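The next block holds one structure in the form of structure tokens; read it before the comments.
Chain IDs A, B, C and D follow the sequence of writing; residue 1 opens each chain.
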Amino acid sequence: MPRQIPVVEYLALGDDPHLTSHACRSCGALYFDRRNACAKCFATDFDTTHLANRGRVRAFTIVGRIKRPFVSVVVDLEGGGVVKANLLGVDDPDAITPGMPVELATFVAGTDDEGTEAIAFGYRPRSDREAQPA
Amino acid sequence: MPRQIPVVEYLALGDDPHLTSHACRSCGALYFDRRNACAKCFATDFDTTHLANRGRVRAFTIVGRIKRPFVSVVVDLEGGGVVKANLLGVDDPDAITPGMPVELATFVAGTDDEGTEAIAFGYRPRSDREAQPA
Amino acid sequence: MSAGDIWIVGASMTPFGRFADKDLVDLAADATLDALRDADMTMANIGILALGNVYEANSHNGQRLQKQIGQTGIPVYNVVNACATGASAVRIAMLAVAAGETEVGLAVGVEKMGKMGMIGGAAAARAEKKVYGPRGRYGAVMKSEGLLGTGLMPGVFAQAGTEYALANGVTATQFAKVAQKNHAHSVLNPLAQYRKEFSLDEIVSAEMISYPNTLPMCCPTGDGAAAVVLVSDQKLRTLDPDVRRRAVKISASIMTSDPWTESDQVQPDVNTLTRMAADAAYETAGLGPADLDIVELHDCFATAELLHYDNLRLCEPGGAGDFIDSGRPWRDGDTPVNVSGGLLSKGHPLGATGVANLFEVVTHLRGEAGDRQVEGARVGLTHVIGLASACAVHILEAPAR
Amino acid sequence: MSAGDIWIVGASMTPFGRFADKDLVDLAADATLDALRDADMTMANIGILALGNVYEANSHNGQRLQKQIGQTGIPVYNVVNACATGASAVRIAMLAVAAGETEVGLAVGVEKMGKMGMIGGAAAARAEKKVYGPRGRYGAVMKSEGLLGTGLMPGVFAQAGTEYALANGVTATQFAKVAQKNHAHSVLNPLAQYRKEFSLDEIVSAEMISYPNTLPMCCPTGDGAAAVVLVSDQKLRTLDPDVRRRAVKISASIMTSDPWTESDQVQPDVNTLTRMAADAAYETAGLGPADLDIVELHDCFATAELLHYDNLRLCEPGGAGDFIDSGRPWRDGDTPVNVSGGLLSKGHPLGATGVANLFEVVTHLRGEAGDRQVEGARVGLTHVIGLASACAVHILEAPAR
């Protein structure tokens, strides 16, 4: 199996791919990026948190005028956290409903000249029982 | 003779090469560039004025750290006007004295792919009688 | 703000469009000289210059403008705040007047964009990396645009729109009606970049840029400038009656930035800071949405305008879709919005926009808007928002007649 | 300015130098968080943020900083004014306090230049034209640098120096003594980019950049940030005694631009606007040059510092050469100038400079400057100038003890 690297540091690979986040120790605010301080409460200490793979669509668009149009979504994760990514396997805007349930999925985004694969993530619709809109 | 073009519009070529300037009709302020208004008195009408070819060095430097160092001078022209250009034929800073008299000279600065010569101007020291510092 | 009110006594904008034969300073000079004429002043009267420009922000355009129209030694500030750049320049000139440093301020906004394509619509070209390695604050190994959703302006404002749509049941057609209105309005505005009406069907079926916004639902790039001359109460009293009669009062001038929200860490929140600014402006002016006779708001995309009906409290909470359906924001409605044609059709030279919307409202409050005049307009509101985030809201009032 | 005084209650600067592992926001955050700590405040106390940066002026660094240290919804202004950028940010924060919009302002200056070579010392590369044709406001058919004199920064400040030298008989050695002094001073400043002494002979015989300035007579490029927290009189009274005790009064804050002169149309005039600003500052503060215990002035090149002795009235008219010969501007002289090492040795990250000089003077007035402390300093002056032209002069006073 080729070496794999996540496309962003907040994607953890391995047997159970998931997103991680910096959580402010003082107020719990979540951030994906390297931090100088907490933008909510100004504290400077952070823990690393494991975010849920399931969530619901808060917003979306379909980006056109390019070779391969894609669907971008903002997802509210179960248990907290908001993330932006591509919505996979959907191309009809009418198929996207309020609070639509989705689940994280990973895929190979590219391979570099040393054969290392860059692994990205997106969200797929899920249709199991828990997924009914609240 | 090849076609000639001045390197800047305020250099007039021909039998008597000289500089021209936009002179504010209201206050007489002089400008080399295309104008929206007069920066001194805010008027918007200008005449074109013929500037003198003789003047005196107000300031200078010798620019180093490049392939062909050159002497840059700011010259106060007789009868009004200030201009910046290269000082030609001088490379010793100690040769540049307060109020040093100079005179305009033109030279070919380059030739384009159609054979047109770009004519630039600079100043040369002059040593005639009138040239004594005032 | 200190004791007295601050007044706009001169206002001007150039036509918006593409002007290959004019440089940035020409545009700024045209607007400024005309605003000074409008105020019956010259550069000799001006005590501070604030100049807003985005794309050439570090070219010191304030001083370049002075060199072309009047060097008087006054303080000059070059300011940039994305699409709120022009409004930020106005606020700095106001601050200097309010602080008592001068009685007369000049604010100029200018942008020379030419034909750049869609605003923020293209990512910068980069050399392809041969070996992946994490970079920057997210440890990204490749560019995220198109891979982890979209962060470009058309996508940001589209997603802001669908968030509202999913929550409140707004349709793509309702968003399109915003563009229909603004393009129709622009036909009456000789300063607009485009002056062409579109049918709703033409808009809905046009090329999709970022769902639900089609091409006529996105503002164009362009060139233009606008300028305003501001004076203190005290100064106003000394001016010619003809100038005083046309003076417009700045009843509120509020600027905000993006406060922390959970979602704004991944997608700019264009609502919260607009609501904060609007609420503060209404409170400062002692006026409410029902008092507004004219509104110029930041319709960079059709979705944005619809959101701001709600953010500016022009409609019931959640009711922006009904509001556009009702026709109320049309020029002949009870709350005319973007009678100028808005950014969608009047154009959006970034630095100029936040000054040009003041010009538009001032012109209506003076009763000088010609064919597009909103009859009897006495109170107007302007709004701009730029990302990363700055929002400005002004409320203007016509002088007593 | 409105009734009350404005005070600096927090001040900080990062070390200046080259910090490959820090981005622009890291530098700004370091200085800002430290200035807030110094003021015993957090971002929750701040009512306005003005951020100055030159090279990435349209990246909205004020908001980028907020996103890293505190998003509270306050107005943010991104400002640029060449080498006076940081001072311009300070003035905007002051204006907001003076206008009564807030009681606490934050001004940050930051620059991430890396190793760019000499400031303004390289012309941008251009594709070679094949067919000559006039372009721009001068109808130029080729680039004028090196053909019609020099307009780059090293040349501009060199020519400003020789103009003074020709008129007043200053020697190249006298200019070099300025650099000798500032490099010697920097040895005591742990925040300086360079801390190496040079002999006069080493300086005179170093590589000639632009006569009479050799390499050690030119400031380096570099990275760095600085921040100050400003409060109104009214706010100061409410603060902890430990904060009040260390508060420094801004007795004058003046900004000017280049007024029209005949020669400034071809060569920026760095003198007139500095003289205007200094004279206005002395008048506002009710103080004169003889009252100054410490001066941080804009020595981007050694020639510039010498001119400003005269422009700031530190010496007799025409007597700047004698002034440096006398030793008076050395740290142990009667008018210490650039005890920090100045731009020549402390460094000159453009946006940070006009805030960092306030930090330096504040630190001395508080008696906290360590090895480089000017003993008993009570009154200080800061000066910056940027081209195209903006000049700021501040006069600061230590609180009564």
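Everything that follows uses one rule, which is that a contact is a pair of C-beta atoms (placed from the backbone, for glycine too) under 8 Å apart; a residue touches a chain by one contact, two chains touch by 3 or more.
None of the values given here were measured: they were computed from a predicted structure.
By number of C-beta pairs in contact, B-D leads over the other of B-D and B-C.
Between subunit B and subunit D the centroid-to-centroid distance comes to 33 Å (mean Cα coordinates, whole Å).
Rounded to a whole number, the gap between the C-alpha centres of subunit A and subunit B is 64 angstrom.
Here the spacing of subunit B and subunit C, counted between their Cα centres, is 45 Å. Residues of subunit C found to touch two or more other chains are 66-67, 70-71, 137, 260, 265. Shared contact sites, meaning residues of subunit B that touch two or more other chains, fall at 39-40. Pairwise, the chains that touch each other are A-C, A-D, B-C, B-D, C-D. On the side of subunit D, the complex with subunit C involves touching residues 1-2, 23, 49, 54-55, 57-58, 60, 62-64, 66-67, 70-82, 88, 91-92, 94-96, 98-101, 136-137, 255-260, 264-265, 272-273, 276, 386, 388-390. Listing the residues of subunit C that touch subunit A in their complex gives 118, 121, 129-132, 134, 137-142, 144, 146-152, 154-155, 158-163, 166-167, 172, 207-212, 260, 262-263, 265-267. Contact residues of subunit B toward subunit C in the complex are 35-40, 42, 44.
Touching subunit D in their complex are the following residues of subunit B: 5-10, 29-34, 39-40, 57-66, 68-70, 72-74, 76, 80-86, 93, 96-99, 109-110, 112-114, 116, 118, 120-122. Across the interface of their complex, subunit A is touched by residues 25-26, 29-30, 33, 42-44, 66-71 of subunit D.
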